[in-house]
Amino acid sequence: MGKFQKIQELFVSGLIKVSGYSAIIFVLLILYFLLSEGLPALKEVSVQSLLETRWYPIEDFYGLLPLIGGSIIVTLGATLIAVPIGIGTAVYIAEVSPRWAKEILKPMVEVLAGIPSVVLGFLGILAFTSLLRQSLDLPTGLTALTGSILLALISIPTIVSVSEDALDAVPRSYRDAAVALGATEWETIWKVTLPAARSGVITAVMLGIGRTIGETMAVMMVTGNAPILPTGLRDLFSPVRTMTATIAAEMGEVASGSTHYHILFFIGIVLFLISLIVNLTASAVVFRQRKRSERILS
Amino acid sequence: MSTLTQKRTRKDPKFRHITQQGGYLLLALITLITITPIIIIVSYIIRQGASAISLEFIFGFPTNGMKDGGIFPAIVGTIYLTVFTAIFAVPLGIGAAIYLSEYAPENRWTRSIRIAIINLAGIPSVVYGLFGLGLFVIFINLGTSILAGALTLAIMTLPVIISTSEESLRSVPQSFRVVSISLGATKWQTIRRIVLPQSLPGVTTGVILGLVRAAGETAPILFTVAAFYLPSLPTSPLDSTMALPYHLFVISTQVPGMPVEIQFGTALVLLVFVLSMQLLATLIRSRARAKRLW
Amino acid sequence: MDKIIVDHLSLNYSDGTESLKDINLNIASNSITVLYGPAGGGKSTLLRVINRLNDLADVESIEGKVLLADKNNNYTNVLDPKLDVISLRRRVGMVFARPIVLPFSIKENLTYGLKMAGEKNNSRLDHAVEKSLKQAALWDEVMDRLDDPAVALSGGQQQRLCLARSLAFEPEVILLDEPTSGLDPISTNKVESSLQELKQDYTIVLVPHSVQQAGRVADQAAFFLQGELVEFAPAEQLFTNPKDKRTEDYLVGRFG
C-alpha cells in the first residue's frame, strides 16, 4: 500500500475519531455556557430568595418555586394521562392487533410524533382551550390541565414506539412457553411478556417524562403563564407557568448581563440537570437489566 | 391433587376467556384514544387552512402587518435553516456514527461518548436556545443569524442522526467486512465501498427525520435567529430570518386581529412540510428494504 | 520445497476458544494440505493466522512464527508486526464456509480486490474476471450475465464465485474453510475437481467438512485435536495407517 494511501487512511480515521468524541465536547460546552451565564445569578441573588414563592422579576422577586411547581404539576398531569394510554396502546399494537391493523396504527403514531409542538400549541389556543372552558365550566381554558393534555399527546408517541420495540424484542419462546403451560394470551401478556420488557417500558416512560419536562412551546401557549405556585391537584384547573415557558417568554426582553438574564440561565441549569438525571437513570435501568439477562442466559 | 382442580372460580376457563375479551376491548379503546386526536388534528387543520392556500400565499410576502399576503419569507427561512443545519450536522453525525460502529473499542471512553449522546438527546429545546444565544450569538458574535440558529439546531439534531446512522451501519452483515479485508482492502476502503453505501437508505431516513424535527422547532431559534418581520429575504448566513414555526407562534399569540384562515394556512403549510418529509423518509426505508441485496 | 512453515505457533483468544498449542507444520507447495478434526480443534484459527485475519478477532496472545515463501524462496514471517498485511492478503486468498458474496454484480465481486489494490485498466480487469471464473469452473454458466447481482446465483454457484474471487489476484496460497458445507454433491464435486486442477499452480490449505472429503482430496493431512497437532503425514499414510491412537479413533468414528 502506497505511502500516500497510508497517510490518507490515517487522516480519515483521525477525522472520524474526532467526530466520535464531538458529542462529549458539545455536552461539556453546553454545560460550560450555562454555568458561566447562570452561576452569577447566585452571586446577585441569595439562594434564600430563589426559594421564595413569588416570581415577579420587574420588582426583583425571583422565587423559582412557582415555576418549578408549574413544571411539576404539568408533567405529573401529562404523565398520569400518557403512561396508561401509551403503554396500553403499545401493548395493543404489539400483542393484540392483527397484522393489517399494525400497518395502519404504527404510521399514525409516527404522524403524531412528527407534528411540531407549536402546531399543537396553536390548536390548543384556538380550539381546545375554549372547549375545555365550556365543558368543565372554568373561568379560563388556559390551565395546567390543558398543558398536560397537550404534553400527553406529545409524549405518547415516544412511549408507544419505545415500549412497542421492547415488547417486540421479547423472544417468541417466552410466549410459547407460557401458552404451553396453559396460560391464555391475555395472561401471557401481563404475566410474561410485559414483565420481560419491563426495562424497555420503563425507559420509554422516562424518555416520555424527559420530553414532557423539556417541552416549551405548547405549554407556553396554553397554560396561561401565571407564575402561581400550585398547591394541590385542584390547581390543575388553574393557570400555571413552567420553567421552560419562563425562559422562552422572558428571554427576549431581558438586558444581556442583567440579574434577570442570569437567573433565566440559572433556570436553564436546573432544566439541564433534571434531564441529565432522568436520562442517566433511564439508561442505567436498561444497562442493569441487560447485564442481568446476560448473566441468566450465559 | 384434587385441591388444585377445585381452586377458586377465578381460574375457571370461561372467566379467563371473558377477562381476555374484555381486556382486548379495553386496549382497543385505549388505542382509539391515541388515534382519534391524530385524525381530528390533521383533518381539522386541513379543513380550516385549505382555504388560505394559494400561490399568492405560498410565494407572496406578508402585507398589512402580517394580516394579509403570503408567508414566502418564512418558508424560505425554514428551508435555509434546514439546509445549513444539514451542512453541519450530517457529516459530523455520520462520522460519529462510523466511529461508534466501526472503530470504537468497548471501553470506558466509548461508554462516555454514548452517555454524552443520550444527554444531548434529552436536553430541552429551550436550553439549546440559551446555549445558542450564549455561544453563537454573543460569544462568537454571530448575532441573530441563520448561522447561529443552524449551528444550534445542528447540535440538537446530532443525537438523532448518530443513533439512527449507527444502527444502520451495524445492520450491514459483519461477513461483508471480513470478506473485504480478506481481499486486501483497508478498513476505510471497506467502509467507503461497502458498509456506508449499503447503509445509506437507513442513514438517509435518519437524517431526514432528524432534519424535519429541527425544521419544526421554535424554542432553539427564538433567541438565535428568528425575526418576526423582515422586508426582504436573507442574503447571507449572517442575516436573521423569518421561519415557519416562529411565524405560526407569533401570529397566533401576539398579533391581535389576525385572520384565522391565515393562521391555519400557516399551520397547514408547516404540517404538510413535516408530514411529506416523513413520508419521503418512510418510502426510502421501505423501498431500500425491498431492494436489499442481502 | 515448503511454501509455508509453521514454527512453534501458539495462540490464545480472549474468550478461551479455539486456541493453538505449539503447532509445527510444513506445508508443501503445489499440493493440497488438509487440516481436519473435530470442532474447536483450532483448524480455522490456523487458517486465519496465515492471512492475518485473526487481527479482526480478540486475540490475547500469539507466539511463534509462520513463514511464507515467495517465488525466490525467501521466507517472510507473517506474524511480523511490521509486515504489510494488505499485500499479504493479496498473496493468500480465502474462501469461507458459507458463500459470502458482496452486494454487487458478479463482475464487481471479482474485480473488487483488484480495484482496491488500485487496478484501473479495464482490459486487465476483464481478463482477470474471465480467467478466475474459468479456473473455478463457473465461466460457462455466467459468462453472459456478469452484470447480474451475485445474490441471484444458486448456493453452489455463489461458492464457486467466492473461489473465483479469491483467484482474481493470482495469489500464491488459497485457504478454504469448509468450502462445501451446505452445498449439494454436484457443486461439491465441481469444487473438489477445481481444486485438483488448481493445485498445479497454487498451494492449497483446506479444512474439509467431513473426513470423507479429506480422504478424497488430500495430498497431506494434519489431524487437529483441541488446539494440538496430533499427527501430520502424507494422506495415504495417515488415513490407512495412522500412528497415533487418537487419529485412528477419530477416523474410525469412536468420537466425533
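Letters A, B and C mark the chains as written, and numbering starts fresh at 1 in each.
Please note the rule applied: a residue touches a chain if its C-beta (ideal position, glycine included) is under 8 Å from a C-beta of that chain, and two chains touch if they have at least 3 such contacts.
Since we're looking at a predicted model, the values are computed, not measured.
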Geometric centre: closest chain by C-alpha means: B
Greatest separation from chain C - chain, by CA centre: A
Inter-centroid spacing, chain C versus chain A (mean Cα positions, whole Å): 55
Where chain A and chain B are represented by their mean Cα positions, the distance between them in whole Å: 15
For chain B paired with chain C, centre-to-centre distance based on mean C-alpha positions, whole Å: 48
Where chain B touches two or more other chains, by residue: 186
For chain C, residues contacting two or more additional chains: 86-87
Where chain A touches two or more other chains, by residue: 1
Chain A-facing residues of chain B, complex: 16-17, 19-20, 23-24, 26-28, 30-31, 33-35, 37-39, 41-42, 44-45, 91-96, 98-100, 102-104, 112-113, 115-131, 133-135, 138-139, 155, 158-159, 162, 186-188, 212-213, 216-219, 222-223, 245, 248-249, 252-253, 260, 263, 267, 270-271, 274-275, 278, 282
Touching residues (chain side chain B, partner chain C) in the complex: 175-186, 189, 193-194, 198, 292-294
Touching residues on chain C, where the partner in the complex is chain B: 51, 53, 56, 86-87, 89-90, 93-94, 96, 98, 100, 102-104, 112-113, 116-117, 149, 151, 165-166, 169
Touching residues on chain A, where the partner in the complex is chain B: 1, 5, 8-9, 12-13, 15-24, 26-27, 29-30, 33-34, 36-37, 84-86, 88-89, 91-93, 96-97, 105, 107-112, 114-123, 125-127, 153, 156, 160, 184-187, 207, 210, 213-217, 221, 244, 247-248, 251-252, 256, 264-265, 268, 271-272, 275-276, 278-280, 282-283
